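As C-alpha cells, here come the structures.
In what follows, chain A forms one complex with chain B and a second complex with chain C.
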Partner chain A sequence: MGVTILQQFPIENRTGPATIELLTKRISALGAVQQGHFLVDCETYSSVANLGPPRTVHVLHNSEQPASCFSILDTGTKTIPLAADGLFDLLMLKMNYFYQAKKQTKAESKGPRFEIGDFCVKLGTVTVSQNFKGILVEVEYRPCVVPGMCWELIREFMQGVLGSSVQSNPPPYLATRMQENYTPIDTIHQYLEHFTMFRKSPGMRT
Partner chain B sequence: MAYSVNISVEAPIENQIQEITYDGQEIYQSPLTVSESLAKYAQKIDFSKTADIVEPKKEPGDIPDDKSDTDSKDSIQSSLWPWDTVRNKLHSALQEVCVLADVLAIAKEKRYMVLDPVPQEPVETKSIVQIYARKKALAGAASVLLTGVERLKTSQNEVVRNKTDFHFELLRLRQNWRLKKASNSIIGDLSYRTAGSKFTQTGMFEVTKAEDDDKTNSPPNSPSASGSTPKNSSALRVTVPSELQGVAYIEVLCQKDQEDLCSANINLLGSGPPTSNPDVHWQQKLEAAQNVLFCKELFNQLAKEAVQLQAPIPHMVVGNQIMATVLPGIQLIIGLCHSTTGDKKPPVPAPSKSDHDHVLEHSLHQLLREVHHKNTHHPFPHPSTGPLGPSKKRYLAGPMAADRYELLEMTKSETLLEQIIKQAQHFFMRMRTEYVLDTIAKEVKDPLITSHWNTLNSPTQSCVKINISTHGYDAVFRTPLVIHVGEKSLKCICRVGKVMHMSYEPQELRDLIFCHINQHQILAVQALAKTMGWQFLANSSHLGLGSVEPLGNASSCMLASPNGDRLIAVRCEPQAGVQVSVAHSPRSDFFPSRLVTERKWEHLGGQFRDVRLEKMEGRNFLHKMELLMASLTSNS
Partner chain C sequence: MTDLEQLQTALHSLKVLRSNVGIAFESVSNGLRADHGEDGKENKFILELQELLSTVNNNLRDVEGAVSNLSIPPGPFALGNTIYLSQEVTQERQSLYVQLVNSYKWTDKIRDYSALAGNILASNSVNKTYKTFSTTKRRKTQTSTHNVPPEVIENLITGIDRLFPDVTITASRPFVPNPVIQASLSRVLKAVIAFKGLMIEWVVVKAHSESNDLWTESRYKVFKKVTENCHAAMCHFHSPTMPELAVKSFMHWFHSYNTLFSNPCKRCGNYLYSNLPPTWRDLRTLEPYHEECK
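This part shows the complex of A and B:
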C-alpha cells in the first residue's frame, strides 16, 4: 500500500484501445512487467423522496482490495466514506426501498496493470454504462504512505511516461492532505471525482 | 521409719522490707505486737457465715431494720477501733438471739400468736408448654435416630457398590464417555470429533452386559492373578472395533546415514507399558482405543501432508512410514506402529528410550491438538450470519481495506509436517551450533570463548551470546557476538553491528568464530597499548601482504613506545597464529654499507626481528605483549 495518483490521459484523436496500446508500449520500454488486470467500478444510489433531503451513495470496488467494498455517502454538505466487507453489496440490495440505483450510471475503469520497480501503473479504460469515455492512468508508489514526501518523485515518473499532460501540482483532492497518511479510501475518492466528471461530460472527453 | 527427724518450721527472721533507700539501706517493717496480730486474725473471722444459718429462723419483717442500723454504724466506726467489727457482729448476734427468745416465748403462750404452716402455692403448669417441650425432646431423639439410619444406609450402599452392578457401571461410563442408545444396544463414541477432529474414521464402541460364564472362565485362565480378578471383573463389557484394538504409537526417528540420532515415541498413555490384555477394565480399554485413534489420525494427517507438499526433495510415504529430509544427509522418519495381537511381543526397543526427545514428542501432540482446537474455536466476535472458518484477520480485511498481497499472505498456512520438520531442523541447527562452539572453546585456549544460551526460546528459534575475552584482560577488551539460530540458517550479529547470514553448514560458523578470534587478538593488543601508553601507528584488518590465507585475511598493527625509539609489529593470521616483531630506532648497530654510508640514516628504524612468543613468559598472548611492552619501555 502506498500513495496513488490518478491522472487523466488525453486521447486526442486516437481510439481508446490505440491509446492503451501506445501507453503500454511506452511503459514496457521502461521495463515494466504486466501483472494481470485491474477493475474499479462505481455504482450510484440516490435516496427516495420521502427520506428527507436528497442524498447519494456511491458504492465502489477496487480489485486491488478484493475483500472490501467502499462507499461514499454524499449528503450535499459533507461526504462520509466507509470501507466495509464485501457483504455491503447485499446490504445495499436490502435497502432498495430507501436508496435506488440510478439508471445508466455504472462507471468502471479497467485495463492492464504493470509493475515497474516500486511503482505500480494501471492503464484504465473508462466506460460509463458501456460507453467509452476516456483513459485514466493510476500510478502508485508503494514504499511511501505520505503523499507530501513522494509527490515529486511520482510527478517526475508520470511526466516521463505520460508527457506534458501531467500537472506540476498535486491533484486538488490530495493537495489538502499532503502530510497525512494515505489510505485506500483516498484512491476511491480520486476515482469518484474522475467518474463524476466523466459522467457529466456529454461524449468523449479530450 | 526408725529415723524420725525433727523438722522445725519457723518464720524467717527477716521482716518484710518496707522501703529501700537510695543508698541501698533497707528499712524493715517492725514486727506486729501480740495484740496487733490478734486483731489481725480476729478480722479474718467471717461472721456472716454463721449469720446466714441463723437468718431463716427470724421473722423477715424486723431484721432488715436492725441490720441496716448496725451496718451503718459499722461503716462509720470501723476505722476507729480494730475490734469494732467484731463487737458489732457479736452485738447483732445477741440481739437476734434475744428477739428469737422473745418470739418463742410469745408463741409458746399461744394467746397472742399461733404458728401455722404456710401452704405453698402450687406451680401452674400450662399444657401447651408441656406439649412443646415434649415435642422438642422427641425431635431431638428422632434426629439422632435419623442420622443413624443415614449412616447405615450409606454403608449398605457401599456394600452394594462394591458388588458389580451393570447399571451403576453404565452410569460411571456415561460420566466420562459419550453414549447413546440405538434400538437394543448401547453405542458409544470415543472419537475426537467433539474436540474438533475431522478424522473420518469412527470411534464407535458397543457396550454390553457381561455374561456370567465369562467370569467363571477367567479364573482358570490366569490362576496366578485370581486374587485380582474379582476386582477387575465388571458387569460391563465394551467392544471396540478391531482396527482400534491393540497398542499404537508413533515413532519419530532422526537418521543420519542410517545412524539414529534421536527418537521419540508418541503415546497418549504416557510412559506406562501398554497392554492389550482382553481382561482389562473398560476404562483402560477405551483409553487404549482412543490412543490408537489419535495416533492414526496424526499419522493420517502427516501422510496426507507429506504427499501434498512440494518439497525440493520429495517426502516419501511407504507403508506406515513417512520419510522427510530435514537437512542434507539427515532424515526425519515418522512411523506408525500398531500391534493388534502382540501382547507377548516385546514392545519397544529399549535403547531408543535413552534418546527420547520429550520436546519433539510434546510438539507433535501440541500441533494436532491445536488443529483440533482451531476447528472448534472460532475467533470472536463473529456475526451469526457470517461464514465460520476465516481468521479474525480475514474478517477485518474488508473494513481495513487489505490489498491483494495481504490477502494472499492470509491464505498461507503451515501444515503439521512442515512445522515438525522446521522444529527438527532447528533442533539440528542448535545441536550443530552447540557442538561447534564447544569444540572451539576446547581447542582455543588463549582468548576464552564463553557462550550463553538464552533460556527463553521458541521451537524454531533460539539465541546464543558469545563473548571472546582474554583471561585477566576482560576489562581491557572483549568481543561480543550474538548468533540467532533459525531453522536452516544462522544469523550472526557482530561486534560493530554487522549482520552475517550463514547456512546450515557448521564450517561457516567455525570460520566466522576463528576470524573473530583473530580480530579480537589484534584489537585487544591495540587496546592494551593504549593503557600502556604506547602509540598506535598503523592498523590494517585486511593485510594484502604475506602468504594467502585459506580463510579471511591476515591483520596487523604497528605500535611505538612512548618515546618512539621502539617499534612492535603484530601480524595475526587466522591459521598461522600471531607473529610479533620488534625494531629499534635509532638502530643499535650501524654498519656503513654501499647504500647507507652515513651515520645520520641510523634514525630510520632498524630491521624488525621476530619475537619467539612461545619462549616468552606469560599466561597468554596479551600477558606476553604486556610484558614485552613493559620491558621495551623500561629499557629506554
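This part shows the complex of A and C:
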C-alpha cells in the first residue's frame, strides 16, 4: 500500500470511452501493462428525522481491498472514518430503520488498471446512478508511504501521463496530512470528495 | 598425447562401423520397401545392400588400420584402490565406478579453474584477508575481521545507532558471533544487514511492509535497484585493515538514502528516469543520481 493521488481528467469535447482510450494509448506507449480492472463504489445513507440532528453515512468499497468495507460518518461538525469487514454491508441493512439509503446517489468509478514500474495507474469512468459524469485518474506509488516525501515524484509522473491538467499542489485532503503515514482510508476520503462534487454538478463535470 | 589422439580416432571409427552395421541390418530386416518401385525391385534392393556392405567393409578396414596404429600399453594400469571395485558383487554398487570417474573429472576441472581464478585474482587486490609479506618489520598480528568477540561488534552497532538519530537498529543473533541487524531508515526503507565478524556480508533493502527475511528480495523495483547498489558500496567500502571504519562509512553512505523519494537527480534534475527515482548515491559526495546519469 503506497501513496495514492486521485485527480479528475478533463473530458473537453470527447466522450467518456474516447477519453479512456486516449489515456490507455498514452500510458501503454510509456510501457504500462494492463492488470485487470478496478471498481470503487459509494452508497450514501442519511439518518431518519427522529434520530436527532441529521447525520450521513457514506459506505464505500474498493476492489484493491476486497475484504474490507469502508464507511465515513459525517455528523456535520466532524467526520469519523471506519474500516470494517465486508459484513458491515449486512449491518447497514439491519439499521434500515435509522439510516435510509438516499435514492439515485450510488456513485461508481470503474475501468482498467495498469502497472508501470512501481506505479499503479487506474483510469476510472465515474457514473452517478448510471449517468456518466466524468473521468477520475488514480496514481499510486507503492514503495513509499509518506505523501510529503514522494508528492513531487508522483506529480512528475502524472505530468508525463496526463499533461498540463495536473495541479501543482497536492489534493486539499492530503495537503494537511503530508507527513503522516498513508493508509487505504485516505484513498477512500479522496474518492468521497470527488464523488460528492460529481453528485452536486447537474450535468457532466468538465 | 599422440597416443590419446590415436585412441580417439580408433574409438571414433569403431563407432562409425557399429552405426553402419546397424543400418545394414536394419535395411535387411525391413526387406523390400515402397520406394524401390515396381520394376526390378529385387535388383535395386540387392544393389542397395551391396553398397551398404561395402561401406561396412571400408569402415572395418579403417578400424583395423586405426587399431594397428595403437601402441600396446607398457604395463598394467595403475588404478589405485579402484581395482577392488571390480570385485564388488552386489548389483547396486557396480555403478560406483561411473560415479567415481565423474567425480574425478569434476575435481580435475575444479583444480584447473581454481588455478586460473587464482592467477586472475592475484593481479587484482580484492583480498578479504590481510597479509603482510614484509619480513624486515614485523608488525603485531592484525586483529582478525572474522573472529572477534561479540562485545566488539555490539559496541560498533550501538555506536552506529547513536551516530544517526533517524536510523533505528534492531539486532538478532541467529549465530552467536555474527549478528543480523535490521536498520530502518526513517520511514523510507529498511535494510537487513548480515555481519560476518566485523565485515558486512550481505545486505537486502526492502519496504517497511515487507518481511525481514534475508533471502527474499523486495517486490518493488526501486528497492531491488537499491539492494544492488548497496552490494556495490559494500564491496567499495570494504577494508580488511580498518573493518570498523568500513562499516561506519558504509552506514554513512546508506544514511543518504533517507531522501530516496524526495531528492531529484543531480545531473538531469528530474525525479524519474524509466519510472525509478535516483537510486544511486555518489560514494564520496553522497549526491543522488539516476543509474543512467551517474
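The working rule: the second predicted complex is superposed on the first by the 206 of 206 C-alpha atoms of A that agree within 3 Å, B and C clash if a C-alpha of one lies under 4 Å from a C-alpha of the other, contacts with A are read in each partner's own complex, and residues count from 1 in each chain.
Note that contacts are C-beta pairs under 8 Å (C-beta built on N, C-alpha and C of every residue); 3 or more make two chains touch, one makes a residue touch a chain.
Remember, it's a predicted structure, so these values are computed and weren't measured experimentally.
Three-chain overlay on chain A, with chain B and chain C in a clash.
Contacts of A:Y182 after superposition on the shared chain: neither chain B nor chain C is touched.
Judged by the touch definition given at the top, the superposed model places A:F198 against neither chain B nor chain C.
By the touch criterion stated above, A:M1 is placed in contact with chain B and with chain C alike.
Looking at the shared chain after the overlay, A:A83 reaches chain B, while chain C stays out of its contact range. Of the two partner chains, chain B is the only one that A:Q65 touches; chain C does not reach it. Of the two partner chains, chain C is the only one touched by A:F157; chain B is not. Of the two partner chains, chain C is the only one that A:F119 touches; chain B does not reach it. In summary, superposing the two complexes on chain A brings one listed stretch of chain C into steric overlap with chain B, and the stretch in question is 117-125; the others among 63-71, 117-125 or 279-287 show no clashing C-alpha atoms. Counting contacts as defined above, chain A residues 1 meet chain B in one complex and chain C in the other. By the touch criterion stated above, chain A contacts chain C in their complex at residues 1, 31, 116-119, 141-146, 148-150, 152-153, 156-157, 160, 181.
Within the complex formed with chain A, the residues of chain C that make contact are 187-189, 207-209, 220-223, 261-262, 264, 270-272, 274-277. Against chain B, the residues of chain A that register as touching in their complex are 1, 63-70, 83-87, 183-185. Only residues 386, 394-395, 397-404, 407 of chain B touch chain A when the two sit together in their complex.
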